[in-house]
Amino acid sequence: MTRQILSLSAMLLSSTLIVSQASAETIRWARASDALTLDPHSQNQGPTHNFAHHVYETLMDRDVEGTLTPRLATSWAIKDGAPDTWVFTLREGVTFHDGAAFTAEDVVFSLDRARSEKSNMRQLHVDVAEVTAVDDYTVEVRMTGPSPLYPNNLTNTFIMDKDWSEANNVVEVQDYAAGEDNFAVRNTNGTGPYILQSREVDVRSVLTVNDNHWAETKPEVTEIIYLPISDAATRVAALLSGEVDIVQDVPVQDIERLSGTDGIKVETGAENRVIYFGYKFGDAPLASSNITDSNPFNSPAVREAMELAIDRDAIKAVVMRGQSFPTGIPNPPFVAGWTPELDAYPAVDLDRAKALLAEAGYPDGFSVTLDTPNNRYVNDEAISQAVVGMLGRIGINVTLASRPVAQHSPLVTSNETDFYMLGWGVPTFDSAYVFNDLVHSKEGSYGAYNGGLYSNPALDAMIKSLGTETDLEARAATVAEIWDVVKADRVLLPIHNQVLAYAMNDRITLPVHPENQPLMTSVTFAD
Amino acid sequence: MTEPLLSVRNLTVEFPTRRGILTAVQDISFDIMPGEVLGVVGESGAGKSMTGSAIMGLIDRPGRIAQGEVILQGRRIDNLPDAEMRKIRGRKIGMIFQDPLTSLNPLYRISEQLIETIRTHLPLSETEARKKAIGLLDDVGIPDASRRIDDYPHQFSGGMRQRVVIALALCAGPDLVIADEPTTALDVSVQAQIIDVMKRLCAENGASIMLVTHDMGVIAETADCVAVMYAGRIAEIGPVRDVIKDAQHPYSSGLMGAIPRLGANLDRLTQIPGSMPRLSAIPRGCAFNPRCPHVMDKCHIDQPQAVQTAPGRRVACWLYPPQDSTGTNAERQTAQ
Amino acid sequence: MLAFIIRRLAQSVVVMLFVALIAFVVFRYVGDPIASMVGVDTRLEDQEIMRERLGLNDSVIVQFLRFIGNAMQGEFGISYRLQQPVTELILSRLPATIELAFVSATIALVFGVIFGVYTALRPKAWSSAGIMALSLVGVSLPTFLIGIGLIYIFAVELGWLPSFGRGDVVDLGWWRTGFLTESGLKSLILPAITLSLFQLTLIMRLVRAEMLEVLRTEYIRFAKARGLSQRAINFGHALKNTMVPVITITGLQLGSVIAFAIVTETVFQWPGVGSLFIVSVQVVDVPVMAAYLMFIALVFVLINLVVDILYYVVDPRLRVDGGAGK
Amino acid sequence: MENRKLVKDIPEQDLIVPVRAEGRLARALDSDIFYSWRTSPVTVVATFVALSLILLAVFAPLIAPYNPFNPASLNLMDGFTPPASTGAFTDNYFLMGADNQGRDVLSTIMYGSRVSLFVGILATLFAMTLGVSLGLIAGYNGGTIDAVIMRVTDIQLSFPAILIALLIFGIARGLIPANQQESMAVWVLILAIGLSNWAQFARTVRGATMVERQKDYVSAARIMGVHPILILLRHVLPNVLGPVLVIGTISLALAIIEEATLSFLGVGVPPTQPSLGTLIRIGQQFLFSGEWWILFFPAVTLIALALSVNLLGDWLRDALNPKLR
C-alpha cells in the first residue's frame, strides 16, 4: 500500500517535472483585450488581427522596421504590360493545419471573401476588379485602375482553405442579422505557425506550435497561453506576481517600476500611430461655445495660437513619462511622405498666442467643449486634460467630455463634435491613407473621419490623383505638396506619435512591433 | 404558625439613569403563605410588575435589586447565580404574562413549547412529556387538546392562548405562580374564565398565587390578601375583605370606590384627583401627598413607615403614626 | 400554497416584462451599436449596410416586439462584439459568477449570522464594539478599493494568491468549475472575500438588530420565566425568530451579490457574466446588455420566489392567511 | 436612551426627565440626544471628522492652497511632485503632493469632496423627497395605489443600486445631446443615485403612515374634512422623521460611495471637475508606479467621509431607535 502511494507520488512528481520542462517553452501572454472573432475577415481590428497572425497567414508581412516581407507569397510584381494587374507568386509546399495543401485557389477564395459585402476588410480591396488563379502557385489581381501600393493593403488579409470553408459552410463572412452561428468564428484552419487548441472568449486561449509549418526556423515558443486582462492595474499585478510572462499593453507610468523590478524588463518602440486634435471648420458658430456669432476655429490665427499654447514636450515628459515622440504633423515617421521638416513643431509662446487670439478678435478667449476618448489611446484622457489646462492659459476655456471610444467615435464620424481627440494608425504606411480619411472633404467614401469638415477643393483634387498615379516620384511630390498645405493650414493639431511598451519576463526577448502586432514566433529565450 | 412560601423583605429595585437613580420599588416587604392568593394592585408604574420581575430575577439591565431579600421556602433566592435561578423559574415559581398574543413564540408549536419546558424541569421522556402536556391543556380547558397541541399559537384565540400560557406556567408544577395582569389584554367576557381556570388549577396543585392587576374587582373575587402599591411602595396590605370594607390608607379608600364597577380600569380612575407622580419626580415625604384629601404638614416632610394596625394589616400613612406598644408586626418587619 | 405560488409567478411575469421594456429602451438608445461593432477604420457606407441588416432602421415597436419574442425563446441574438450567440456566451460565463457568488454568499451568511448573533448576545463587550466598528469600516470602503488593496497585498507584495482569473478549471459537462483544482480554489479566495464583505456587514448588522429586537420580546421573557436554558433561548427561540425577517432581506442581498459582482469581477478579471456585462457596456454590445439585464431580473424573480416559499416554511403564521407578505 | 429600550416595566414617560434647563440652547444641550452624543466618544470624533471635511469642502475656494481648476496657477511640469515638497517649475508647495496634471492633491481633494458631497447630499435629498412622498401616499391611501407603489419599490429594492444607477445614467446619456452631457453630468449622477435609493424611504414611511392612519386623531381629522395633504404634513410626517433621518444619514454614506464607484467605472463626473471617486480612479493608475499619494489621500478622505457619516447614522439609529423595517 505504502509502496503504491510512493510510486504514485513518484509518477506525479515525474509528470510535473515533464510539465515544467515543457512549460519552459510556454509563454503566457497578457494584453488588454481579446480577439473579437476568429473569422479572419469579419473585423478589421488590431487585437483580432494580432491573434489571427498566429493561426492564419497573409500573403506578405511587415517586419518591425515596417518593410514588406514575403510570407505566403514569395514575390509580387506589377504584370508586364498591364499596369493595373498585380501578380503574386505563392509559396510551395505549404499545408493547412488539417493537412490540405495551400494553392492559388485558396488565395482567390480568400481575397474574394475578404472583399465580399459582409467583410470588414472590404475597404482595403475596394479597387480590386478580379482575382484569378493563373496556375497552382500564381495569382493575378486585376485592379480597377493602376494601384501601385496595393500590396500594402494585404498585410492583414488572411488566407483560408477553400475546401474547409465550403465544407463548414463559412464561405460567407458571418452575418449578424441572420442570427446564425458561424463555424469560422470559433474554429480555425490556417497555415500559421500555431494551432488553436482551446479558447474561452475574454478568458484564455491556448495555441501550440505547428510542427508542419513551412518556416525553416522553428519558433522557440511551443505553447502560447493568451490571457486578456482588461484592467491595467490587474495586468501589471499579474506580471509582478509572475502569473504572466508578457504584458503587451503596459501603462506608461508603470514602465519605470516594471523595468526596476528584478526579473522583468520592458521593451519600448514607436507605434505607427499619431495622436492629434481636430476642430470644426466652417463659418457656423460652434454648438458648445460662448461665441455665438462666429467660429473661432475657422480663424487661422486661433489655430496657430492653440498650437503655440500647447506644450508637447511637457505632455511627453509628464503625461507620457517620456514615452512619445512629439510631432508637428499628423503622420507617423513610418509612413512614406514623412520628413523631419514636417515633423518639427514650434516652441511654446504664450504671449504670441494671446496676441494672435486678440488679433483674431477673441482677446478674452472663448469657451468650447473637448470630446476625448478615455479607453482607446495611451493616456488619452490625461493628454486631453493637460491640453485643457494649456489652452486655459491663453483664455480658451475648455470643458472636457470624456467617453469610452464606442460613444466617442460616432461623435467624430457624424461631425457632432466641435473639438475632439483622435488617434490615427496607418496600416498601409502611405500618406494617401491619411489624406483620404482625414483631409479630403467629406464626400462618398472620402473624409469619413474628417470630423472637423475641413474642405479644400484643390487638395481634394490632388488627393484623388494619388490613387491612380503610377509615377512614384511624381506621386511623392504631390504627397509632399499636400502635407505642406495641411501643415500650413493646421488642418489638424498633432501632439505626438505613440510609443508602445511590452513588459516581459527578462528571459524573453520580444521586439516592439510598429503596428502592435507582435508575433510569438519572434520571441527568443535568454537561456 | 406555618412558614411563609415566599417572603419579600425590604426589597428595593433601582434604575440608574443619567439623571440619577430611579427607585422603581422601594423597601417593600410582604409574605405569601402556601395556597394563599396575594393580590397586588396599583396604577401603572406603581411597581407591581417590577416586584414580580424582581422575585423572578428577571429585571433587565441596568435595573438591579439594590437592597432586600427574596426568600422562597426558607432559601434566599435574589442572589443566586443564573444557573441556579433557572432551576427555580418554571419549577418553583411560574409566571403568567399580561399579553397572551406576545408571550408565546409564534414559530413553535404549542407542543414544542410545552414539552421543552416540561423536559427542562422534569425527568420525562418525550412521549411522557407530551402526555403530560395534553393533560395540562385539558385541565386549562382547551377542547380537543390532543389534536390542538400541535397547532401554532396564532391558531388560537386570545383567551385560549392565555390558557396555553397558564398551562406553560404550571407545567412543571410550581409552588408559586406570579400572574402579571393575566387578563388585562383579554376580552371582558373571558377574563373571569381565565381567572377561574388559574385559580382552580393552583388550588388543585396547592400553589400560591401572586396576582398583579390594576383591577380591584378581580382582586375582590380572587385574592385572600391584597397589597396596594403606590409609587413603588406598599401603601397598605391586608386581608382582602378587611381592606375593602375598611380601607385605611386614603389612596386605598379611593381605590375601593371603583369596585362596584367590575373590571373598571384604574388608569381612568376619577375618584382620586390628579395622577401618580413620575418615578423621577416623587415628592418629598409621602408620595401620595399631592392628591391626599387628608394631607398634613408632616406628609410633606417625612415618609410614613408601615405600621401594623391589625393582625396581618399594615398601612403606611401618617394618619396611623407608629406606636411603640403595638409591636406585633415586628416579626414581619425589619426595624427602620 | 399553490395559489400563492401562482400569484407570485404572475407578478414575476409582470416584473419581467417591465424589465424587458427597460432593457430594450435603454440599450436601444445608448450609444451606437454599429460604431462599436466595427473598427475605427470602417467606411460609413459599410456601416449603413450593417445597420439595415441588423434591423436597426425598423420602427421601435417592431424592434421591441421582436425583442420580446426572441427573449421568450431565450434568444437574444448575436453579440455585436464577439459574434457569438448571447445566450451561449452568458451560459458559458455563468458558472464562474455562480461559483463566486455562492462562495461569497456563504461567507457573508455564515460570518454575518455568527457575528450578528455574537454582538447581539454581548452588546456591551469590547469585542462586539470592535466587530461593529469594523463592520462600519467595511460598509464605508468601496468594493473596488478593497479589491485593489487585496491584490496589492496578497498577490503583488506577498505573492500568496493569484491576482486575476479563476485558475485551472475542470469541465463537468457544460459547467466549468474551479472548485476541483488547487489553483481554482486559490483564485477564488480574494474575489470571494472582496465580494462578500459588503453583504457580510449588512447581514451582520441586520441579524444583530433583529436579534436585539427579539430578545426584548415578551415570549423571550416568558421563555426565561419558564427556566429554559440560555442556550435554548438564544439559539432556539431567539435565533429562529430572528431568521424570519433576515431570510427576506438576506435572500435579496444574495441576489444582489450576483449583480454586485460587476465591480469585483472587473477588478479581479473574473471571467463571469459581470465582467462580460461591463465590457459590453463599454463597447455598447446591446444584445449582451439586454440579456444580462433580463438575466438579473430572472435571478431576482427566482430568488424572490424561493424567499417567499422559505418564509412560508419558516413562519407558520403565513400558512393560514395565505402568505400576506409585508 | 439605552434604558428606555430595556426597561419594560417602567412606563416610558417616567424615564423622560423633566426639563430643568432654561433657554433653547441650554435645553438642547440638556437633551437626551445630546447626552447620548456626548457620552459616545466615537460619535464625537465622527462628528468632528464629518464636520471638518464638510467645512473644508464648502469653503474650499477660500482655504484651498490652490485652485486646481485655474490653469494659470498650475503647470503640467509639476506633475508627480511628491508630498511635502515644492514643484519643479512653479513655486507651489504641495503638502500632499501633486497629481499627474500638476495639481495640488490637497486642493483637488477639497474641491473633489465638494463635488462628492454635493452629489451625495442632493441625491439623498432627492431620494428622500421621492421616497417619503411615495411612502406617505401609499400608506395613506392603501389599496391599488399602495399595491402599485409597493410593487415598484420591491422591484427597485431587488436591483442593486449600482446597476440601477448605471441604467439611469445610460438612459440620460441617450437622451441628452452630446454637447450638453458634460454640463449635465453632475445632475444626471444625482438623478441616477437618487432614483436608486428612494425605495428604503418609501417602505419605512409607508409602514409608519399605515400605523398613524389608524390612530384616533387622524381619523378625527379625516372625519372633520381636513385635507389629506394637511393631515400627512401635520400629523403623519413628524412621526416618521426619526426613521427618515436615520435612513437619510446612512443613504448619504451610500450615495457618496456609489458616486465614487460610478466615477471609478468611468461614468461619473468629468476629470476636469473631479469628485473623490474620479480622483481615486485617476490615482489607481499610479498604484504600482510609486506615486502612491495620488491614490492614497483621496482614498483615505473618501473612507473617512463615508465612515464618519456611517458612524453618525449608526449613532442616530441607536439614539432615535426607530423601527426600521
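Here the chain labels run A, B, C and D in written order, and each chain numbers its own residues starting at 1.
The definition used in the following text is that contacts are C-beta pairs under 8 Å (C-beta built on N, C-alpha and C of every residue); 3 or more make two chains touch, one makes a residue touch a chain.
Computed from a predicted model, the values in this text were never measured in an experiment.
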Given chain A and chain D, the chains that contact each of them: C
Central subunit by CA centre of mass proxy: C
Centroid-based (C-alpha) most distant chain relative to chain B: A
Averaged-CA centre spacing for the pair chain C and chain B, given as whole angstrom: 53
Centroid spacing, where centroids are CA-atom means, of chain A and chain B in whole angstrom: 90
Centre-of-Cα separation between chain D and chain C, whole angstrom: 24
For chain A paired with chain C, centre-to-centre distance based on mean C-alpha positions, whole Å: 38
Shared interface positions of chain B, touching two or more other chains: none
Interface hub residues of chain D, defined as touching at least two other chains: 6, 8, 173, 284, 287-288
Per-residue overlap in chain C, given as positions that touch at least 2 other chains: 31, 148, 152, 156, 221, 266
Contacting residues of chain C [partner chain A, same complex]: 31-32, 35-46, 49-50, 53-55, 75, 77-78, 80-85, 89, 92, 148, 151-152, 155-156, 159, 162-165, 266-269, 271, 275-276, 279, 282-284
Chain A-facing residues of chain D, complex: 70-72, 74-77, 79-80, 100-102, 173, 178-179, 181-183, 266, 270-272, 282, 284-291
Chain B contact footprint on chain C (complex, rising order): 217-219, 221-230, 232, 236-237, 240-241, 244, 314-317, 320
Contact set on chain A toward chain D in their complex: 232-233, 236-237, 240, 251, 253-254, 256-258, 287-288, 311, 314-315, 317-319, 369, 371, 374-375, 381-382, 385-386, 388-393, 399-402, 404, 407, 411, 416-418
For the chain A and chain C complex, residues of the former touching the latter: 36-37, 39, 42-45, 117, 120, 122-123, 174-177, 179, 181-182, 185-186, 200-204, 227, 229-231, 233-235, 237-238, 240-243, 375, 404-407, 409-410, 413, 427, 437, 444-445, 448-449
